[in-house]
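You will see two complexes here that share chain A, one where it goes with chain B and one where it goes with chain C.
Moving on to the complex of A and B:
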């Protein structure tokens, strides 16, 4: 069983290895100009140097902190907003044009505005991430709650459920949608954190990548980008694992096991 | 629950009135807060000042040239991503070898924040439009591949078997059965990719300059021309809303046969 998993993972990852070997070969032979694309070996050396020096670690943690803080705030407010919109027609009528308008706005457009208000640094980044995460959380929670079958709420009513406990029913029914929203928001949080670091910040991985590019240290630039890809990939996988565990009671879990 | 139609009409009108009031109220609060100098004018110019600045930008043609440049970049990038993504997604769905080859790249590429590649694209393709267009294509191609792949996999087997038993070639199967049958879902993924294209274009312009909405927005912020900052954000908001509405109209007109 364990061996099977390992073999399966190897077969899946084989194209990546193949790709890396081809790239290295092309670089060694001189087909690829190192000034445009450093070889995987050179990037690995730079990566090891970066990891040993700690510079990359500090900057990644700054970026992760900004992305995480914005994501957390956005998730909490978004779930609340979505729940309120689904429960009250009047509240929905009031906020729909504002939510709809901000939903269509490319959120990175607000980075210069936040930079104007809060200056350069973490607050600007967190605000941009927060707004970008708020919208998918609101919309997905709203859809999850609004689609709660009447049978569920009526049954709960008939059993004498109090209003507070009703909220738990709605949220439980909306949980798959909330996780869909969270995964979208997670992706946005990285994009917005890195964008705002490139536009208005003096720290973070986005700034670091850009600085290496401007100074012509391309092997370090690629190494830093490789770190970004790795961290984003791992976070996405972790989110998938958490949502699979939280939704193991749901119908979709059985489908996933069968597939 | 059992309101008469008339009462329901009144209620719907009441709700719509609330929506309208909400926007007007927001604008009124903005205007009075700015006029009362609750915040410095640099941080919060009055709505009327912003509107006047917007009018000036429209009149001297700077907005039009920025907007066409940005939209040109966004849509060219989206078109490239659409063409490549649909092709790759179809191939992945039809061929195991292609699936094996591309799947790990997509698995890693999809969750990665594509904007981090901007310095690489600048290095390879220069500071002008080309690097931005290709970055947009790169950012949009992953959702299109995944969407097309799952759309093509979801085509009903009966359709495929019927076509086969009638003697369709592989090419005919792809062009006349799979592509039309999966077109509504492919369209849905393009609809997801459209805002990605806009965001990537604006962000790339903000970071790298070279004209366009994003570049002007950042320059205005650096020189503290806040009315222009607000005006450009309002225009971007309008573009987002307009494109969204346009896509919805298109879907209702041409894809009404595909009921989800």
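Moving on to the complex of A and C:
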């Protein structure tokens, strides 16, 4: 059983491993100039050095805090906005044009503006993350709530559901869509936290990557990026696990386990 | 005491129209219907005639013109005295069988011990022991509909409103469910209003059958069914009395369906 799992993981990672081997081979025979793109071996050495020091850990935590705080705020406000849009036609009429108008705007374009308002540091980063998470949360929650079948709310009504409790029916029905929104927002939260740190911060993993790049320490830059990839991957897996547990009642639960 | 004079449910000149992009569509027109306490009444008619609309209006889910009275009082919305079962089951997918059945009692603040007693009894009635902790997605259609019926019965409604309750089930399961419903009605003598497109089902279960015309729906013909329900299904199905009514109702529905067809033809 244990061996099966390991073999399975290896097979899934095979394309990545192959890519790494080809990259290393190209570097070793001199096809790639190490001054422009360091070899995987050099990056590994830098990574070991980074992990041995405490600097990377602190900076990752700072970035995680910024991404997490923005995501949490964006999720709470987005769920509320989506619910209100779905339940009130008047509210929807006011908010829909705003959502539609800002949907395709790259939120990172606003970072310099936030830096002007809130200065260099966490608040600017959190604001950028918050804005980026808000829309996917709003849109997905809205979808989930408006698609609640009439017979479900009618049944709840006929069984004596009180008005306040009715919102729980809508939110529960929207939960699969809320998790879809959360997963998208999670990705955005990393992108925005890191780009905001590159532009307007003195700390965080984004700033670290930026500094290494500025100083030409590309092996360390890639090592820092590798840390980001690792942390983001773990966060995504954790999100998937939480969502699978919360949605174990949903029709998709059986499929998700098979995939 | 059952009130023998005042109907349990009464519809007076009920009309219902829906607003659509191409103007209002009249689904139900000037419907009068009185159902006595303990009566089982079925509404049959061609598809799209507004049968379900009638159930939704009596359920209090849709506002309509005219009056709907329950025990002589005009309804103002849904109420737990009118239990509803939909064709799509409409179970809460995030709750287990047990919590689905307990839901109504929970909303009414029934104490946990009493709630458990009722739920256990109903799980026994529908024969789903061992499935208490399953989610609806893990159940077959027949099992889901049993849970939906139990969930409704938990609130002890005096009236059952059934909207094509067995329409999504296969033929064998449907017959079993019909027998269970019949047994349940014989024991409890609740007032039942059922909508169905299955004429045989209507005759097998009801005291009275109302045939509805094509849209806008009106009740055009009425049939009384006098059968000894204590007899087994085979005996009832093979009896002349059963088949006579069945044929009459079938002809009446067919007439309405053909009328609708010719009206829709270019």
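FYI, the second predicted complex is superposed on the first by the 255 of 259 C-alpha atoms of A that agree within 3 Å, B and C clash if a C-alpha of one lies under 4 Å from a C-alpha of the other, contacts with A are read in each partner's own complex, and residues count from 1 in each chain.
Note that in this section a contact is a pair of C-beta atoms (placed from the backbone, for glycine too) under 8 Å apart; a residue touches a chain by one contact, two chains touch by 3 or more.
Since we're looking at a predicted model, the values are computed, not measured.
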First (chain B), second (chain C), both or neither touched by A:30: neither
Chain B versus chain C as contact partner of A:112, first or second or both or neither: first
First (chain B), second (chain C), both or neither touched by A:233: first
Contact breadth on chain A, by residue count: chain C or chain B: B
Contacts of A:157 with chain B and chain C, given as first, second, both or neither: second
Which superposed partner A:222 touches (first chain B, second chain C, both, neither): first
First (chain B), second (chain C), both or neither touched by A:54: neither
Shared contact residues on chain A - chain B and chain C: none
Complex contact set, residues of chain A against chain C: 149-152, 154-162, 165, 169, 172, 175, 248-251, 253-254
For the chain C and chain A complex, residues of the former touching the latter: 56, 59-61, 77-80, 82-84, 86, 88, 90, 92-95, 103-104, 107-108, 135-137, 148, 151-152, 155
Contact set on chain B toward chain A in their complex: 14-16, 18-23, 26, 42-43, 100-105, 107-108, 111-120, 122-124, 195, 198-199, 202-203, 206-207, 213-214, 217-218, 220-221, 224, 226, 229-230, 232-233, 236-237, 240-241, 243-244
Chain B contact footprint on chain A (complex, rising order): 11-16, 19, 36-37, 89-90, 92-98, 100-113, 115-117, 187, 190-191, 194-195, 198-199, 205-206, 209-210, 212-214, 218, 221-222, 225, 228-229, 232-233, 235-236
